[in-house]
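Below, subunit A partners subunit B and then partners subunit C, in two separate complexes.
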Partner chain A sequence: MDGLSGHIIRRLLFLPLTLLIVSFAMFYITRWGPGDPISIYSGQYRDEEAFDRVREQYGLDLPIYQQYRIWLSDIVLHGDFGPSFQYRDRDIPDIIFPKMWVSFRIALFAFILTFFIGIPLGIYAAVKRGSWIDPALIGTFLFFRSIPVLVLVPILVLFLSDRWGLVPPGGFDGMFTASMVIPTIALTVPGIAGVARLARTSTLLAMDDDFVRTARAKGLSEYVVITRHVVRVSVLPIMTTAIGLDLVSLIEGALFIEILLGIPGIGRFVFESVGAQDYNVILAIVMIGTAAFVIANLAVDLMLIVIDPRIRAGQRGLN
Partner chain B sequence: MAYIDTSSMTEYVAEQPATSPAFRSVRRLMRRKLAVVCLIIILALYLIGIFAPWIAPYGYAEQNLDASFQGPSWEHPFGTDRNGRDILSRCIFAMQTTVAITLATVATGGIMLPLTLGMLAGYRRGWTDSIIMRTGEILSALPGLPMLILITVTLRPRFVGWVENLEDKIGTNWFTDTGFADFFLIFFVLSLFGWVGGARLIRTQVFTLRGADYVTAAESFGASTPRILFRHLMPGVMPLIVVGLSAALGAIALAEIGLTFIGVGIQPPHPSFGALIADGSPRSVFENHPQLLLIPGGVVCLLILSFNLLGDALNDVLTSRNR
Partner chain C sequence: MNNRLQLGLIGAAAALILVIAGVLLFSVGGGGDKDDSASGDETPSASETESADIESGGEGELVIRGEDPLFLDPAVVQDSGSASYLVEIFSGLVRLDKDLAIQPDLAESYEVSADGTVFTFKLRRNATFHDGRPVLPEDVKYSIERALAPETASVVAENFLGDIVGAKDMARGRADSVSGVKIVDDSTIEITIDAPKPYFLYKMTYPTAYVVDQRQIEGNPRRWTQQPNGTGPYKLAEWRLGEQIILEAYENFYLGPPTLKTVRFELSGGSGLVAYEDGDIDITGVGLDDLERIQDPADVLNPEYSQVTRQSLDYIGFNTNVPPFDDPLVRQAFALSVDRAKIAEVILKDAIPVANGILMPGVPGYTEVQKTYPYDPEEAKRLLEQSKYADDMPEITLAESGAGGTVGPTTEAIVQYWSDNLGIDVKIQQAESGTFFSDIDQGRYQMFHLGWIMDYPDPEDILDILFHSTSRQNNTRYSNPEIDALLESARVNQDAEARLQTYQEVEDKLVKDAVWIPMFYDVAHVLVKPYVTNFELPAMIIERYREVEVDRP
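So, the complex of A and B:
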């Protein structure tokens, strides 16, 4: 119990430290990039006087560690991420949270769908081990995973939208509308193979366990053995490994899908902000994204501790 | 005096030649037809990439504006693009880009970094372990793609300026002409983030290996840490490296394609599959000239599929318990 709570406390303490190191590295990189902040903020006024005024206004004449300290204390004390270059009259959180919400809804949909299709498929493949169904299923989904999103999306748009006119070719009008169809398919299809493969491996492992042999020996039908005994044990490890993996791939896949389909989500916004050299916005997104990712992983660990008594008893460690 | 017939014994020995584990693994892999096919496809594509300048019928930037958007023909087997550039040649040179990026990144971020750092962390433990693994934890907590974009965008002008400066001193234009500066930047950034997963796996494996008798024996002889790492521990972690390699090659190839697609990777006119896909994916182009997207997309798909299937087979052959 001690090791476990220690593990969680260490992770929690580690989060601020991670954010501190990441933020300083990022801050330094952005102050180093093309189009230094001074010439960006001064806009059309390109003389020394304007540069000086801008330097003073934004504290850019200070050494970098002092700039960093001011920037950081503004975030911690006032929740102020500094001025955005593209949208000067709006606070950065007001700009990015609606965009994150759009991306989050699409990702959530795809995430749930990936698991609901992937886990049963993997279990089915494991049960059918030794027949042609197992390699055929896994092979089919490996094939789908190998199609780059960059190629899949234009093909989907061509058929579903341009040829058959079933769904709009892009944009986003809400969670339960036709505009969700293409992004959901494009995000779900590549992920299924990964989840199905994990489910297959962990089901195969669970099928060798003693209690499964006992269940069979009791004369239970194969269906009951699988659904009542094997699945309970095999689904848990999938959750741990797959959620982390899937979160990352969803975020990365979302960027290309949002660019290709013109969805006003956070991935596309990162891309636009990099193009516009709006570094305060990118810093804010990376900081919030990092925090969310670490917290999500911690939440998964906590969830597992609640679900699996063996971890609680210290018989099994967290990764 | 009993007569011992040794002929049958030599026969037996001849049938069972002394084989190394690596050789046995290779033989087991060769028995899987699908894996062999994948291996051949990968090798063929990589050879095409390596010998691109001799194979390609046209140059990658050779324009012929009278022949834009041509369909497949004898002169241009895959047709031509908007500027009348030969798609076959551009695909072949794009393969060269993929070969260069994947091999360079794998050699550093895919093998050297995870191997050295993972083994060091697993063997030395203590604060060495803490520093390496905590750094990895921070890197893996970062949103990867936005970070990659940001770093390439911010570092490129400085780096290119630095390279040009260097060229002036040496008196050559080779680095910028060949796009070497771009390649180096991309592969540096990909390596920076690529080592964490592999290092973690290797560290866990070394944890179990370091207690083995042969390691203790080596320590008692006073072997140095590098010697123990590379001489005694490395053979034990090689299977992990080989399995990880196949997946890593595919992931690196895709990352470069993605970066180039959004315009921060390999710069035009040097071709990359990312640039080819970006040229072919606008709706108006794809509707009228689907081959501009489907051909480069198909090649990428074939390559990634081969890596995935080969990785699966390697995983079965090298790490499965029920041999």
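So, the complex of A and C:
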């Protein structure tokens, strides 16, 4: 117990340090490059004198380390992420949370679907080891796993929308609408392949275990052996190892999917904000993303710890 | 037993961390005092039921697709997306009508002094802010001075208000008020400008000059634009980022209440045409891909289709300071060797017209006469041989704005023509828009592909601003004393007819000198449901919903 809670506390203590390093690096990188948000927003109105006056208003004329100090103290003391240079009258969280919420729901739905489809498929392939079904399934998974999102999305749009007119080619009309069909397919298909392959491997491993042989020897039907004994052991490790991996690919995938399909999520917004050099918005998204990532990883690690003893206990019972 | 206890504790710890993470995710920076208008945890069903209520309750609702404005401060905004909301919510002393003529707006009438420098505006007695407070001369004065004040951080204020005496001093922090704006009595305001410029009133129709509410701004300096107290025909009733904006009729609007009760903008994106065909929205733009189908008279949507030429132009600009384009012969050769009509036909599917000059249709002074160079590759080659770079052509790069990736087919075709007809291989360089504009500004490109959108319908807004040698926006670095003299005389010419003739002369000379290759005008293609009447897509961004009627079947 002591070891575990100490571990959690240590990990949580590292979070502020991580955030500090990430924010400092991001702050320098974004402000160092050429151009600035005032110049970009002004488009063809070129009036350097006026630009300088506006920069002064926003403190953009100060040396970067001073800007960083102000930014950091605002955030620590007032929870203020600073002004957005595009959406000047909004608090940054008010701008980005609705967009994160859109992305989050899409990702969560895709995530759940991935596991509900991927795991049974993988187990099925493992059970059919030796027949043509196993290599056929695995081949298909590998095929889909290998298609980059950038290619998959245009193909889906071409057929589902352009050719057959089944769903709109883009946009976001809310969850569980026709507009979600293409993004959901594009986000789940590669993930399913990954999860199914993992499920197949760990099921195969479990099937050779002693306790499975014992179960078979007791005369249990193959169906019962698989669902009661094999799956219990094989599924949980998949959940934990794949969750971490899948989270990353979901975030990556969401970026391209949102840009390609015009979904008003955080991925597309990051892209737009980088284009507008909206420093503080980019920074806020990276900070929140980093914090969420660290915490999610911690949660996954804890789940592993939680799950591990249960499996051991289960094995002991069987033996 | 021990095992189960441990398990439970660990589980509780894990759950706690998840909860903390969740709370953190949704409350960072909440700061305690924000209202719930834009928080992220609203369910989609809430917005659906709410909009359904409005639909059933309101007679006369117009539903269209829109985009989130950046923010609604008329003094600062210069992007057309935000401006299209501003013109409905706010208003100024004067406005443009559907024919783009100047009409008194918050002012009931105005007089111009004999020397053309003093404008006296008489305010309407019934002009009020949305909260019912009457609009007074003090409000006008405050609004102009606030727009110019350095704290307002507007990059465009000086551009549009800089002609007012004392405005530049205010903008540069040298004065606390604008001496050229005087309150005469409780309904009269007098504005003095630095020279008799007939286009000054046009500049006053731009949002920078709109009237804002001092009390509201000073009471809530950072967020007043989320619920602005304007003077226009519509109030901002609701704005949920990424979801919808609802404009609601202001019943006491001084020109009479708008016929429509509400205008609802759906901000969530998606295909406008699909939503239009499904009957979800009442007006939509048509993209190039669907245009051919819609323009076919046999198509069911064809009767609902219309188009309007916007005051906007696409062009190739030459940096007249650097080789080889400091030689007019090279510029002319480049202009002569591009078949713009063919590009319009093949690539743009005749959706937009070829420019016949610099001024666009609808701008005073526009003529239908062909001023631009015809397509004549032979003549182009002849001119190129006479040029001083005939035997020593430097490398040439064409710059355009773009985030990398593929070059547009139009640019590719243009470059191909130069290669085929002149034997010059022009490279294309794409730059992200911020770098692009600042590099043009600093004269770093030899030539560039760009567009210009008119802010007000006067030739000064393109010819003087872009071609006078001392103008900040002179991106071609063109310097011609003869042109400068003509432009300066036109600025203050009180004879409207003669003034336009001067601009026509300038336009003609610029085109012949090939400072630009004017490429295409811009046309907006739009579908409007038959039950929507009195809607006309204007050529510029002006108030457009006040008289629209919707009689949904």
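In this section, the second predicted complex is superposed on the first by the 268 of 319 C-alpha atoms of A that agree within 3 Å, B and C clash if a C-alpha of one lies under 4 Å from a C-alpha of the other, contacts with A are read in each partner's own complex, and residues count from 1 in each chain.
Everything that follows uses one rule, which is that a contact is a pair of C-beta atoms (placed from the backbone, for glycine too) under 8 Å apart; a residue touches a chain by one contact, two chains touch by 3 or more.
Everything numeric here is computed off the predicted structure, so don't read it as measured data.
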Winner by number of subunit A residues touched, once subunit B and subunit C are compared: C
Touching partner for A:Asp173 - first (subunit B), second (subunit C), both, neither: second
Contacts of A:Tyr87 with subunit B and subunit C, given as first, second, both or neither: second
Which superposed partner A:Phe293 touches (first subunit B, second subunit C, both, neither): first
Which of subunit B and subunit C A:Gly79 touches, first, second, both or neither: second
First (subunit B), second (subunit C), both or neither touched by A:Val54: second
Contact residues common to both interfaces of subunit A (with subunit B and with subunit C): 34, 169
Contact footprint of subunit C on subunit A as seen in their complex: 1, 4-5, 8, 34-36, 38-51, 53-54, 56-58, 78-81, 86-95, 97-102, 168-175, 179, 262-264, 275-277, 284, 288, 291-292, 295-296, 298-299, 302-303, 305-306, 309-310, 313
Of all residues in subunit C, those that touch subunit A in their complex: 3, 6-7, 9-11, 13-14, 17-18, 20-21, 24-26, 28-31, 34, 38-42, 44, 48, 70-73, 76, 78-79, 150-151, 153-159, 171-173, 222-226, 240-243, 267-271, 274, 403, 432-435, 437-438, 440-441, 450, 452, 472-473, 475
Residue ranges of subunit B in contact with subunit A within the complex: 134, 137-138, 141-147, 149-151, 153-158, 254, 257-258, 261-262, 264, 274, 277-278, 280-281, 283, 286-287, 290, 293-294, 297, 300-302, 304-305, 308-309, 312
Touching residues on subunit A, where the partner in the complex is subunit B: 14, 18, 21-22, 26, 29-30, 32-34, 138-139, 142-143, 145-148, 150-151, 153-154, 157-158, 162, 169, 248, 251-252, 255-256, 259-260, 267, 270-271, 274, 282, 285-286, 289-290, 293-294
